[in-house]
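Attaching a single structure in structure tokens format; questions to follow.
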Amino acid sequence: MTDTEARPTYKYVGTRPIRHDGLDKVTGKARFAADLNMTGQLRAAITRSPHAHARIVSIDTSAAEAMPGVKAVVTGADFPEIDIADAIHDEAVNNIARDEVLYNGHAVAAVAATTLAQARAAAAAVKVEYEELPAILSIDEAIADGAPLANPTTRTLFTGDTEPSNFASIGQFERGDVEAGFAAADVIVEREFTTVPVHQGYIEPHACVADCGQDGKASIWASSQGHFAVRSKTAAILGWSTDRIKVTPAEIGGGFGGKTTIYLEPIAVRLSQKAGRPVKLAMTREEVLRATGPAPASKISLKIGATNDGELTTLAGTMYYSNGSTKGFSALTGAMSVASYKFPNLELHAIGTVDNTPKSAAYRAPSAPQAAFAVETLVDEIAQQLGMDPIELRLRNAVVEGDPTAMGMPHPKIGFIETLEAIKSSDHYNSPVPEGAGRGFATGFWFNIGEQSSATVNLNEDGTATVITGSPDIGGSRASMALMAAEELGLDVHRITPIVADTESVGFTDITEGSRATFATGMAVVNACRELIEKMKERAAVIRGVDVDQVAWIGGAAVIEGPASEGNEPLTIADITAQAKMTGGPLTATASLNAAGAGPSFAAHLADVKVDEETGQVTILRYTTAQDAGTAIHPAYVEGQMQGGSAQGIGWALNEEYIFDASGEMENASFLDYRMPVASDLPMIETIIVEVPNPSHPYGVRGVGETGIVPPIPTLANAIAAATGVRMTDLPMSPPNVLKKINEK
Amino acid sequence: MAIVHLQADHRRFTGGEEVLEVDGATIGAVIAELERRFPGLGPRLTEGASVAIDGELLPRGSIYEKVGPTTDIHFIAPITGG
Amino acid sequence: MISRTHVHCTVNGDEVDFLADDATSLLDALRDELGLTGAKEGCATGDCGACSILVDGAVNCACLMFAAEAEGHEITTVEGIADGDHLHPLQQVFLEEAALQCGICTPGVLVSAKALLDHNPNPTEAEIRYALAGNLCRCTGYDKIIHAVQEAAVQLNGASK
Amino acid sequence: MRYAAPTTVDEARDLLTGNPGSRVFAGATDLIPQIRAGRPEPSVLVDLKRIDQLVSITESDGRWTVGAATPTSALTGNDAFTAAFPGLSEASGLIGSDQIQNRSSWGGNLCNASPAADSVPALVANDARAVIATGDGTRTVPVEEIVTGPGQTSLADGEFVVEFEVDAPPAATADAYLRMIPRTEMDIAVAGAAVRLTMDGDTCTAASVVLGAVAPTVIRVPEAEAALVGSTLDDDTLAAVAAAASAACDPIDDKRGTVEYRRQVAGVLAKRAATIAAERAGGAS
């Protein structure tokens, strides 16, 4: 670990305790949504579109309804019409099609039956008459002159335009004078890059159980990144008031952004309402791949100019991102993620497109990996042309506090330089490149976000504590909440039980996304603990019969200071809670906030690869990642985030891709042919945690989940270039694609 | 007077002006003043932008955030997470 | 019409009887008939290993077996690898080494790792990686899983000496 | 649909002949996903793994007999078998993960009739034969005559493979199998090459070169075999082997690989497998 400045000494923060939910997860007891079973529960299945784009002429459910075991069938007609200007419109239509199916796999109807086999058979028996419409399957088709509309309800975002369009968003970012910048540049590199959709690849398919009672209220158990969002979105799609729905978070088997949107819950509720029984609805793996949101495809043309002494002066280009079948702002985010180097002159056009592939969804540092592929490849080429060390070139141009991001906003306190220095002094960087291998280097950036969180901390009678939040734990956040509470209260981390509560038992909390849980929810926990400490000081004052300003909180106990200190031993939390009844009742505190000041995180990755020049196969020999965590609350899970992000990025770089046939059907909708990295594909992933504390968080947390996926694509592309002399500009860098480039050499 | 920095997208409403001095005690008031001076800009800044003041990214919808006389305000494209 | 078969087998040391639809996978029978939800369905095509179980000590995907095939066999799921309240060393080390994040693949990984160490007490890193190649994990990048299996092997070997 | 687990070959034969639309299985690694995906269900699922003869490995007078439902993990775990047929053992061990290895069998790998089956090129290169239970007895045919096209076999209704016979290789003879997959595991071969060579010192005296996943069925490459015989596997010979193998391919473009890629890589694998086989054969002499 690299400490970059003196920081407080913590007793709990920065340690590696066993996570509180760990035992259930190693013994098979942890309950994910698909593991839940209710009395009288039905199973459900969805009928999906076999066409990429078609008008629904009619749906005949009579045959399905007559089949054995069938208790309810729903179609789009069972859901309220939603105005296209409504924020929930696109997600509502994505949950179940209305007039048109917008991609192959789009849900059209759903069936609940006594058994899953019955439900599936009946779902297959729903008769849908389609009138096929022209399907748009790529960015190029979407932007072609005279292209048919992929989705008649899309409007170009944030422009006020009212006409339907295949342009989801159009944005522009500028500073300085790009023409003059290139005119003065000594070196200019320019390339076009393409990427294809990739999936988050969580191992748990989406699942939920819904139980709608006769009182018109529904309980939902769901695996999601945000159960409050499940509640509000489900209510909006059903046209219900929020208080009719209670959502209990089940354990979540991976999300990575893919479980920030909903697909099943409104359907399950409506089926349960119609059948009068609980309904379990779970996707198959094929459904997950065909019908949930991948990361956008992209096409990026970029040009970078530099001076002979290594100043990156000018960047210009156009970035297209496909949003799949609905509008979105992925292109704007992609352009904004160009934020690592000073570039006095910059001009970026960001254009989002709409097509007839599944509606794209967030995926870990959304839109940034595609942009980093382009920027970091070209920066590597400039280093190569100038004969400069790639880290030195980046150090020369790296942003520091106050430097502008692509959108102009100045960076807050950041640790990019420190991250670069950390990897420069790593053992890996200072070891020779293995014989026959190539070494690649690249960096990544992600903003991180704050948003709304709530936490309640209850002290129990015996001095133990319960920390209740509304942030689903997708990667160890319960442990980080407990660690921060332990540090605040001075209470052993295992005397604290962290709970993720349902929507009726804790205050509103936004989705666990954007690396915000430990940052924002953590702040709410800290604030609640601090309020509790004030209360405990008051109770201690009552017990000792002193004025509260004579009580200090030191080392997990109320210490009486000043003249009254003599003979008054400190009161521990257990001492105080034992007398809570006599001093005013239970000790509890709640804090809610809308967090500002999320701290951006930078990462730098280094890889040694070998390329089989006769087959195009890339083997990663060694991989190292350095990343600024701000402060690592639970370093083992920070490392885990860095390693997991790296592995996902490696998969994206090398072999993952959606393959559509000419009609828009996904041909590889299985884990056999959607090739995520398996254990034998990867080396150990060495981690260097850099800690440049975020001044906007009480413990300096930045959030570490997102950034790790940004550098791997260019890191491997640069390593392949070093090994073979071939610059890869199209993903995936799979054996056939690499061999093709080598053959062209 | 807050100092507002506009992205290229938003500059079409201001005749290309990038940095503006704008009256207003809160972010919401600044947006209202910008709408008054440049009709059509206001909605672009409320629905389609995140706000940073003095380099700190604010949560979405922070229209009541106080603005000081030398506050630097950046309206940027929305950010979501994964 | 699907007929049903009466199945008698041992699951986690207990003799059990159940009726299985002849088209039902052992995974569905374990989860829906026997209430053992430790084995997970990640793909139902044998490509992710989240449903890994032991059949007479050999690792299998429960999704790729008919329930009726379990007749007479000894089945072990993640619920059965601890010795009462005493966790299997793999379970304990996975906790200590933070070798899990979301936990959905963990039951299958533990079962596969146990099968490996039962047959090969001193695996190399490459052997561990290939033995676990049938168990997809999307959270960890495998690093901490591999380290944990290495550490568990050391502990098991120490205990057996 | 009904599940049945006969314990003798005769019982299995009766089940198959008495129930039109019935189907045998061993590992069911392809069958269960097919049923789940809604493919037509067999009338009777005949599980062959309770028949001892079908789950056994024996060697007698230099002839190995392997039950058609024997899990491939039993083959790769059999040291004597692996020593005699290193390439065939490797090929068998490449059929899926450890989980799949405990289910997959030569019989299933062959009769599923995928052009990409890993064990089949190696079986053919070793002149393996399949013993088939017919309506009233058995017949023995070369493995290469079983698969007639993707998903198609020469087995008549009611017939099933009981066991395989493969003769231990002559002196100074060894095999090798290589396949190309984009990952290191858990993939279907994009191209595969099995080579068996007999060496006399540095000179090759007999050769079998068989490719998988590059044509509707596995294919022998006589031109590559001819190039090898009489050679010392010098660079020119290996180039000729690669060129012959590439030329012999009749592959398809699909999600797993392009025609060009399969063609080029099949040649690479053939020459590399030849090199390995030659080293092994030389080591054995």
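So that you can tell them apart, the chains are marked A, B, C and D in the order they are listed, and the count of residues begins at 1 in each.
The rule is simple: a contact is a pair of C-beta atoms (placed from the backbone, for glycine too) under 8 Å apart; a residue touches a chain by one contact, two chains touch by 3 or more.
As the structure is a computational prediction, the values presented were derived from the model and not from experiment.
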| item | value |
| --- | --- |
| Chain nearest the overall C-alpha centroid of the shown protein atoms | A |
| Inter-chain centre distance, subunit A versus subunit B - centres from mean C-alpha coordinates, in Å | 27 |
| Between subunit D and subunit A, distance of the C-alpha-averaged centres to the nearest whole Å | 44 |
| Distance from the mean Cα position of subunit C to that of subunit B, given in whole angstrom | 55 |
| Two or more partner chains touched - positions in subunit D | 184-186 |
| Sites on subunit A at which at least two other chains make contact | 200, 256, 671-672, 677-678, 680 |
| Interchain contacts, given as pairs of chains that touch | A-B, A-C, A-D, C-D |
| For the subunit D and subunit A complex, residues of the former touching the latter | 37-38, 180, 182-188, 190, 254-258, 260-261, 264-265, 268 |
| Touch list for subunit B against partner subunit A, complex | 5, 7-9, 40, 43-44, 47-49, 52, 55-60, 62, 72, 74, 76-82 |
| Residue ranges of subunit A in contact with subunit C within the complex | 16, 18-19, 21-32, 34-35, 37, 116-117, 200-205, 251-256, 282, 284-285, 474-476, 634, 636-637, 639-640, 643-648, 670-672, 676-680, 682, 684-685 |
| Complex interface listing, subunit C residues touching subunit D | 2-3, 5, 22-23, 25, 44-47, 49, 52, 55, 58-61, 63-66, 68-69, 71, 112, 115-116, 130-131, 133-135 |
| Touching residues on subunit C, where the partner in the complex is subunit A | 2, 21, 23, 28, 31-32, 35-45, 47-48, 50, 77-79, 82, 87, 91, 94-98, 100-107, 110, 125-126, 128-130, 132-147 |
